[in-house]
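Order of writing sets the chain letters: A, B and C. Residues in each chain are counted from 1.
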Amino acid sequence: MRKRLYCIAGGLVFFSVSTSLAFAADTATLSRGLDTVWVLIAAFLVFFMQAGFGMVEAGFIRAKNVINILMKNFLDYSIASIMFFLVGYAIMFGNGSSILGLNGFAMQGADNPAGIPLFAFWLFQAAFCGAAATIVAGGMAERMKFKAYILYTIAISAVVYPIVGHWIWSGSGWLATLGFGDFAGSTVVHATGGWAAFIGTILLGPRIGKFMHDGSAKAIPGHSIPLASLGVFILWFGWFGFNPGSTLGVADGNAIALIAMNTNLAAAMGAVSSMLVVWWKFEKPDLSMTMNGALAGLVAITAPCAFVTPLEALIIGAIAGVLVVCGILLLDKMGIDDPVGAVPVHGMNGVWGTLAVGLFGHKSLGLARDGLFHGGGFTQLAVQALGTVAASLFVIAAMGLVFYLIKITIGLRVSREEELRGLDIGEHGMEAYAGFQIFTTQ
Amino acid sequence: MRKRLYCIAGGLVFFSVSTSLAFAADTATLSRGLDTVWVLIAAFLVFFMQAGFGMVEAGFIRAKNVINILMKNFLDYSIASIMFFLVGYAIMFGNGSSILGLNGFAMQGADNPAGIPLFAFWLFQAAFCGAAATIVAGGMAERMKFKAYILYTIAISAVVYPIVGHWIWSGSGWLATLGFGDFAGSTVVHATGGWAAFIGTILLGPRIGKFMHDGSAKAIPGHSIPLASLGVFILWFGWFGFNPGSTLGVADGNAIALIAMNTNLAAAMGAVSSMLVVWWKFEKPDLSMTMNGALAGLVAITAPCAFVTPLEALIIGAIAGVLVVCGILLLDKMGIDDPVGAVPVHGMNGVWGTLAVGLFGHKSLGLARDGLFHGGGFTQLAVQALGTVAASLFVIAAMGLVFYLIKITIGLRVSREEELRGLDIGEHGMEAYAGFQIFTTQ
Amino acid sequence: MRKRLYCIAGGLVFFSVSTSLAFAADTATLSRGLDTVWVLIAAFLVFFMQAGFGMVEAGFIRAKNVINILMKNFLDYSIASIMFFLVGYAIMFGNGSSILGLNGFAMQGADNPAGIPLFAFWLFQAAFCGAAATIVAGGMAERMKFKAYILYTIAISAVVYPIVGHWIWSGSGWLATLGFGDFAGSTVVHATGGWAAFIGTILLGPRIGKFMHDGSAKAIPGHSIPLASLGVFILWFGWFGFNPGSTLGVADGNAIALIAMNTNLAAAMGAVSSMLVVWWKFEKPDLSMTMNGALAGLVAITAPCAFVTPLEALIIGAIAGVLVVCGILLLDKMGIDDPVGAVPVHGMNGVWGTLAVGLFGHKSLGLARDGLFHGGGFTQLAVQALGTVAASLFVIAAMGLVFYLIKITIGLRVSREEELRGLDIGEHGMEAYAGFQIFTTQ
């Protein structure tokens, strides 16, 4: 546009068109650039959630097993990155059947369903894959062999997570075809991680000392609640990449803003409602439960964040906060030991959030059909129930098989001696807090 | 633009206009998209400051009260989010008088003064509201009842903070009309939080053991300076959303860059100057004071960040660093116990930063008038003084009333026994560091 | 574009052109705005790495010296910000010779080689300067005088780092002219910091108790591996600003996406490969080594991140992970005490990453010539070797001189008594963990 303007009508017309073409290129490039930057920053935030998971998991367990869980946390993200590059992406987004994709291994000739550069899309998806993988570390904490954990990580990030992802987020997936709505992964990421933790912790069995002879559960307090609380803040922060970034572009600023606001409100309400339930039931407001309430709200709003209004987000979050408390008590009653609450937070609320889409979702916000509360009848709710149950059962079956195979080969669980002494010394030859006087409780 | 071009003059003209219209929509959409993304990312950073406040406050107090302060930290943000959704936004940005707004409750028919989506603007403002609320937790730490804190949080986030915000940041506010300059909230956020902490800590009284019989103050060292130092880094990081994000758009890249640079320089200079003062006065460079110096510089540059040059930012930060040390010593002399320095950092430097606008501000950078040092005379300085004093006195009066009402009803302060034993066990039935050997000092 | 359209041909033509001109301004402004926002957000992330360095360095040393290292960490960034404003930027980016620049002191009349606002470019570069400065704190930890550290910081941020930066990143620098490729600073930042730490730790001598009489090294375990692990995650997160932000704009979304993906893959592979080496050699997978492996991968990919493919990034990261383990063992053998592994991570892998450009680099991705493995022969590799060796030797010589001058004047090292008791009490009159029972090991 730095050319001189000629005041001759014909030339002027021609010139106008040619510069318009130049602008077309510019706005397209700009738009793609903006979308890329947005999704990459969101991917960075989702990556940072790994630190949040690490701090939550470490803070909620005993000091003697902290190195072990942080090591798992580092390695699951690292291995997930490599496996999702070599195999996972191809299964998740490759062409193939409605069950799984089959091209793009090592990203050679990989499909790119997004309007952003392939590698930006990959990074965002790889960070999601890492999040699903790391959820399990918490549920199986303080007694699982490190080698077994590495094998598990390879299986979930290369195959199991990508298959669920293909069903829901690939254009050809069978659930996508039904109009299943999981905007940012209540089912794809959280139910997958949560139910994998569920079957894993059952196969492992509870920690020594967790359940009394009469079957009652004993609280095993975490060694650093400040670390856990920092972790929850980091997760909440990272969720602003997780949910709003799932727009995969900035076509509609309004959509991103709604998603971000809903995410924040559901988390806040989850924290408040779980605090109130615990306060009412146990007479003291408990910080661990409040933090799990915030996480529950975040998990629950992940599927419906784009499809509901802020008031509905508050309701979804409020129910999530109650649900997580009930879930934790239920697992205790069932004799299932989930040290950090991975199953109630991610598994149960992953399902709840997915169902909430079928209850509160609006067609006008991009969902396939209106939800039950907006006159859409039971169709969308049925699809949601079908999808989240199918995915959860598949994960339980597939990961159950993986854990079982590990158990009968190299073994899932460390020895009794190692568990009592702590996995940090036994598995890694290190301690987390050299120099500090720490009482090792059973 | 993918249509074929016809070489017929008339068609060409028509075509040119129609595509130009399409581009117009594109650039407008792109511009709005870029603004939205910028403000949302800034909002995420401001949200993350909550983690920074939590770590600073927790690190600077004793281990026995850490759960309590983190719980307050979680809850004030969560409650502020909900109250600012239901009530606060309507009072702050609704139409009404020059004193307060009165429409948009629960965001129904809420006004949107910004060029970005309403919900993006809301999230940014809600995060600011949460920051103002949480400042008080530190000043009233280690002895305030949790229930009382919840009531306080509701009051400040629903009513008190929004009223001050309406005066200054709503188009119809009486201070806005006078040309009061508070770019990102030295008064709106920091003076509000700081002076609320001031009246709160006076009404609470000092911690047991803080002052000797002769009135001299005893240092009560924080239990984890590394946590506090992490918190300061997180706050500094979040401030890059707080100040530069307050442009509410990317119309002018130069403005954002200037603000970011000024923010960084004032923080750096605040750290250096407070270190030097303490080193000179007490012979050792103290990390707590240095960190408070950085925060003081950040608070002080918050109002003038857009209106001054980098060299002026250095001067403002240098004075802030000295001021915070003097302020801490002064409170000790006055027998006021502010465990984390909330009043000197946020209250005093909130006022200093606001006055600095009247001294160093440039009309050419968007301020209503030039400041005193640039030939503008005393007018702008007088407006700044009027505004920050009026806001601070209003906050002291309003929050004083709130705290007084709490005090005579449910009570502000825990029992002596609970204070000595720690609020974590007493109020929440938990401890922060299970397994660690910790000496409980008085 | 809100003007009414007239259906008169002449007016229509004129109107079309005038709005096109308006759009031209818009797209240019938008593009500059997007670039500015991108680089600023990247700068914020690079700033946040300072917290990562602080946590890694603090976590890897003993509790008695934690205040001291955090103080150094705060001050080096603060002083680097001020010195890079007053002096450093002028030397790095000013006009002058091919050796150093000489105009733009205090940013008065400073050159702006970037397409973004000068101050945004400054902030990004200042954060890099701070990163180079802080690397040294770790290598010289637990025994260096605080005053000496302040003098060192002034020297490196005002003069030494900017000179290396001028050679490589200023258009007129002698290495830039040769086509030396260091996209985001494997040499400029990391080799500079790492080799400064190398000469510094040699001149300081090892910590008391590090080496036995027979010369064998004794492990001195860090006091908080969780803090260190958080630090590594923060660094990895910040590196997504460091490398992708070095595009200094969003002209090409593909380039940014490739850089981000490469950064992630090299870090992941570095973690895995160093874990495997340690596991194989010492029979236990060690978390400290694994974390250093991730950092090594990040350092190594910093120079080549834009010039190589993802598969090549995996190879570069894998070698980095092995190299860092060898480097740590080598230093132990040489009797050099580097408490946090600054030399192997930043120095050795800074060199490796720079050489990797000459091996794996692609001309088609913007490098001056193809690397050795792509048919480009040895030319690019030779330039890379020349550049990284010249820069490293210059840093060793210049910083050696600085450290020597400090040593013979105010002294580099604290007294034996102070070292045994800890620098926190001796230098700062504080302790990091008041109330905790901590065993002070020699």
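Worth pointing out:
Note that a residue touches a chain if its C-beta (ideal position, glycine included) is under 8 Å from a C-beta of that chain, and two chains touch if they have at least 3 such contacts.
The model shown is predicted, which means the values in this text are computed figures rather than measured ones.
Fitting chain B to chain C on Cα positions gives a rotation angle of 120°, stated in steps of 5.
Homomeric contact chain A/chain B is classed as different-residue, with under half of its interface positions used by both copies.
The distance from the centre of chain A to the centre of chain B, with each centre set as the mean of the Cα atoms, comes to 31 Å.
Taken residue by residue, chain C touches two or more other chains at 13, 16, 20, 23, 27, 30, 34, 37, 41, 224, 230, 436-437, whereas all remaining positions touch fewer.
Listed in rising order, the residues of chain C touching chain B in the complex are 1, 5, 9, 12-13, 15-16, 19-20, 23, 26-27, 29-30, 32-37, 40-41, 43-44, 47-48, 50-51, 54-55, 58, 66-67, 70-71, 73-75, 77-79, 81-82, 85, 106-107, 116-120, 122-123, 126, 146, 224, 227, 230, 427-437.
Chain C meets chain A in the complex at residues 10, 13-14, 16-17, 20-21, 23-24, 27, 30-31, 34, 37-38, 41, 45, 62-63, 221-226, 229-230, 232-234, 236-237, 240-241, 244, 250-254, 256-258, 260-261, 264-265, 267-269, 271-272, 275, 282, 284-288, 290-291, 294, 310-311, 314, 436-441.
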